[in-house]
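Look at the two complexes coming up: subunit A is in both, with subunit B in one and subunit C in the other.
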Partner chain A sequence: MKSLERFGYPVFFVVIAILPFLLDPRWQAVAITFLIFAVVALSQDIILGKAGMFNMGQALFFGMGAYLTAILNAKFGWPMLATIPVAILIPALMGILLAGPIVHLRGDYLLVVTIGFNIVFVQVVQNNLGGVTGGPNGIFGLDAMNLFGIKLASQVSVYYFAFAVLLLTLGIMANLEKSKAGRALHYLREDPLAAESIGINTRVYKIFAFGLGAGIAGLAGTVYATQYAAVSPEAFEFIQSVLFFSIVLVGGSSIPGVLLGVFVMFVLPEIFREFATWRFFIFGFAMILAMVLRPRGIWPATFGKIPKFLIKESNHGA
Partner chain B sequence: MDIFLQQLANGLTIGSMFALVALGYTMVYGVMKLINFAHGDMVAASAFVGLTIYTQVMGQATSLVAVIAIFLLSAAVMACVGVILERVAYKPLREAPRLSAVVSALGASLVIQNGIMLIWGPRMKIFPELVPQVYWNFGGVVISLIQVLILAISLVLMVSLYLFIEKTRMGAAIRASSIDQDAAKLMGINVNSVITLIFVIGSSLGAVGGLFIGLYYRGITFNMGWQYGLYAFIAAILGGIGNIPGAMLGGMLLGLFNAFIAGYVSSTWADAYTFILLIVILIVRPTGLLGERVAEKV
Partner chain C sequence: MAPNNLVLTNVTKRFGGLTAVDELNMTVEEGQIYGVIGPNGAGKTTVFNCITGIYQSEEGSVKWRGEEIRGLTPYKIVDRGIVRTFQTIRLFGQMSVAENIMSGRHIKSQQSWWHGIVPTPGSRRDELENWQKVQEQLEFFNLGEFAATPTNSLPYGIQRRVEMARAMAVDPTLLILDEPAAGLNDKETLALLETIFQIRDKGVTVLLIEHDMDLVMQVTDYLTVINFGKKIAEGTPDEIQKDPAVIEAYLGSEDDDDE
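Moving on to the complex of A and B:
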């Protein structure tokens, strides 16, 4: 673990930093989506992995961020940059509002309710509620993002914007793990009852996790809208939430695990695109196999610096 | 009043299909505490299996005996698929964290869905007309023979399942395993065979549901499992997941609700209304309509 932090991360960042110069435009687009999905998956990890809440509606917050950026830019003429705070705050607020009445639900019930939120959201944008979402076609022809004088017109510049957002998210995740809130979430996931009895306000922290995860996903949505200069409902269907859900569990609830998860669940299927019809058939088997062989994810979470001999094997979630 | 009665008839038909499929979810959940996400795709697969049995095995015969044979054979095939599914995807994960089994179930769902596509192709198939198209008109309310059959057969199946679970020794073993697997093992119940039995029953009921979907809607596609599976799953949750009469009640309720929304409000918002109903019921009764309020075990 130590050697990874010393060598693994710098190597990873250097590779990511020079990657666009090694790829053709099609793979550059895949790489940008990889970065965006990594951000969403990390935000999902806060809710699912860190707080242990079965959330299968993360595409809702992702989509909400993307749609807010698109609507404010295309319909109200805001510059893209100015939409960022809104695309973070509204999904975060929405996450808090939606989570409020449901966090006490048992795991599987929560899962269905979050699927429900996602499906309602897609139906709202598809039916063009309020006449601003553009219906099934979505909204296209967004402006290029203007970052204080630098215009993100080329694909490579969008790539670095996405990379910066990923770095920011990684920073938040690293801080979270070392903070009071991060420790609280960890105990909460391990044993909610024990956490409650040592004075952790589980309800507040659960809602906090939802708000934080939703805000980050909203930001990722803005990047997504920047990449395609368009948004459409099918990109935020609940099947997309299933993807983010699986990424965290297949990869494992840790930063390397989630990044690995995005690679396995998103980039590999892109590589095997030639196998078109067989692709997802085999992919499904791979998911079963991954879980059978590594039930806690390829790269499971570790927490703090507890000596190995003190840790008792247990079967807690995620 | 006409719309009301018409939608009542339609709702009961759809509801009984939901209920049949919901039983598969709820029984598996009851014993294994696992959402079997592959169940919806099994239901879809059964419609295709039924289609193939009709064309290849039965030589397109639509006599009463042939139709019964199609139902029995499809149910048998899907029961085998269900048992294999459990052995491959769920059994190795019984001691693993619960979410691992959920991902495994999602993987299995992808396998079955794409398996259907690879075998039968990505295009919509038309399900054969196994039942004669007979309609009765009661003063503006049209009821078809198919609707009557679906409702009657579903009711018979559900009542027999209920009696089986409540009155037989095997049913008692199923109930015991769903209350406490370890205690059930100590009482000499073979939980492994209980789980196999559950998958046999759940998958065959789902298979009947799948054939009904084919008969009623006629068009079947490889990816329709998600849609029906999700609705049936909501039905199971509405009634209180793990609770068998709850699944029947939830299915009927959801079918009626859908039919009345489609008849009186609008069909473009049907999904949204369904989920709003679900969310409201879960906020008011967090364990579903018939679910027991049990404190989570420590």
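Moving on to the complex of A and C:
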């Protein structure tokens, strides 16, 4: 799988880079959403895959980023670009605040609490809190993103913006793997007590995972708002969180796994749209099969990212 | 600077109506290999859990270098130089031996949380330095060939060594070993004995629980014997072997097991 990764990444990036020129507008839209969902799923992977916390509310942070961009642009007249830092920082802060009191909860309890958060968020925006969220219709008519003189008016330009955000996210993920903070997340997922007993403040790193995951999801929200020039509550329902959760489970907690997961869980249903609701019947079974046959995901997390000088000749596998 | 002594005074830990540790006093001095022995269920592991912050004792005090550490969280106690291993090995099973040992470097690493997002030349250097420390431990514990192997696929004896290597990676002042010889064969036990002496020679104080009486008598400088959470004797191995209370409570019970 290692060699597959080395070969696969360049191919993947080249395909993604030229993809808009091969697709008609409808499929370009699907491709943009694929990139956005990939970013959200990667952010979910930090919380669920790496740190092992059953977060079932990732759509909350995704939606918060999208709504912040929409509100600041439509109601307060901020340029789209200026909303980006806010759409990262506020969800990250929210992630930290919400996670603070709940990270000590065991998996299933945490899951229920995060579902609650998600539902509260959707209710709040549906009921037009403070008169800025637009109620059930949401907010539309957002400006086009103006990236230092380049106006993202066409779908193709939005595509490349989304691609850049995905690359940034992949960069963060790659760096996380090679840092103390990223390893701490793996340790606390594998055995919290052992992690604590070897000197890791598990609570701080759990909250860190939530904050980082929420910030990245918030950024993805901005891209989403840019794509549709609109936001509406149903895009951030609890069921959307379920999608991100299952992407990580089915795909596996690795970058290829998550990307495959997004493809299988989002793009394939789009491709088989003509089969109408029957496709979900098939999908249900495909998910069951995937989990039974590959309980750790299609492309499970690979560890062993250790410096070469540590690996001796008589290597016993890995 | 106070000496690197661990002083337990009247430590009492209760679980509901059961008093697992009852007014225990003991002093571990710098450079010692100190043993805690006692029959099964005597409360030895509970004592260790009280020292390492997994439990907080209801009464008494645990002083390390003159500082009260009772009530501190486990990671804060590690930060003060006290590291432990577990009776039931607790490794990060899916991760490689090198990564497991690297977890011991966590507290020594200079990286901040945000280096996980944005690396700097400093964090890269810090990363490399810590991996080099891991390499030292791999060599010391003779684990080099398993560096990239996930620990859950290794034999029990090697897992024990990995756990000790992980603890030693912290550069501890006091190393606490909970039944380090459990599940080891004779050859491995001998190697362990050698390792414990080497660790002590590095200037690390060792506190251990052990069932293997041969090992305890050979390796320790000083012993505390507990039964039903109470200390029934303390002294050098020679004194303990002659102590009638110990023979009755501990060694005597071994004869019953033999049949």
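Observations on the model:
Just so we're on the same page, the second predicted complex is superposed on the first by the 301 of 318 C-alpha atoms of A that agree within 3 Å, B and C clash if a C-alpha of one lies under 4 Å from a C-alpha of the other, contacts with A are read in each partner's own complex, and residues count from 1 in each chain.
Keep this in mind: contacts are C-beta pairs under 8 Å (C-beta built on N, C-alpha and C of every residue); 3 or more make two chains touch, one makes a residue touch a chain.
Only a predicted model underlies this, so the values are computations on that prediction, with no experimental measurement involved.
Of the two partner chains, subunit B is the only one that A:278 touches; subunit C does not reach it.
In the superposed model, A:116 lies in contact with subunit B only, and not with subunit C.
Legend: residue contacts after superposition of the two complexes on their common chain; A:124 is shown touching subunit B, with no touch to subunit C. Once the two complexes are overlaid on the shared chain, A:246 sits against subunit B while remaining clear of subunit C. By the touch criterion defined above, A:8 reaches neither subunit B nor subunit C.
By the document's definition of touching, both partners, subunit B and subunit C, reach A:193. In the overlay built on the shared chain, the residue A:102 is in contact with subunit B alone; subunit C does not reach it. When both complexes are overlaid on chain A, the residue A:292 reaches subunit B alone and has no touch with subunit C.
On subunit A, the patch touched by subunit B and the patch touched by subunit C overlap at residues 193, 315-318. Considering their complex, residues 172, 175-176, 178-184, 186-187, 190-191, 193-202, 204-205, 208, 212, 301, 303-307, 309-312, 314-318 of subunit A touch subunit C. Remark: subunit C residues 52, 54, 73-75, 78-79, 83-84, 86, 90-96, 98-99, 102-104, 106-107, 109, 111, 113, 115-119, 123, 127-128, 131, 134-135, 138, 144-150, 153, 166-167, 170 touch subunit A in the complex.
Every residue of subunit A that touches subunit B in the complex is listed here, in rising order: 48, 54, 101-102, 104-109, 111-113, 115-117, 119-120, 123-124, 127, 193, 239, 242, 245-246, 249-250, 277-278, 280-281, 283-288, 290-292, 295-296, 315-318. Residues 29, 35, 88-89, 92-93, 95-104, 106-115, 117-118, 122, 226, 230, 233-234, 237, 241, 268-269, 271-272, 275-276, 278-279, 282-283, 286-287, 296, 298 of subunit B are the ones that touch subunit A when the two sit in their complex.
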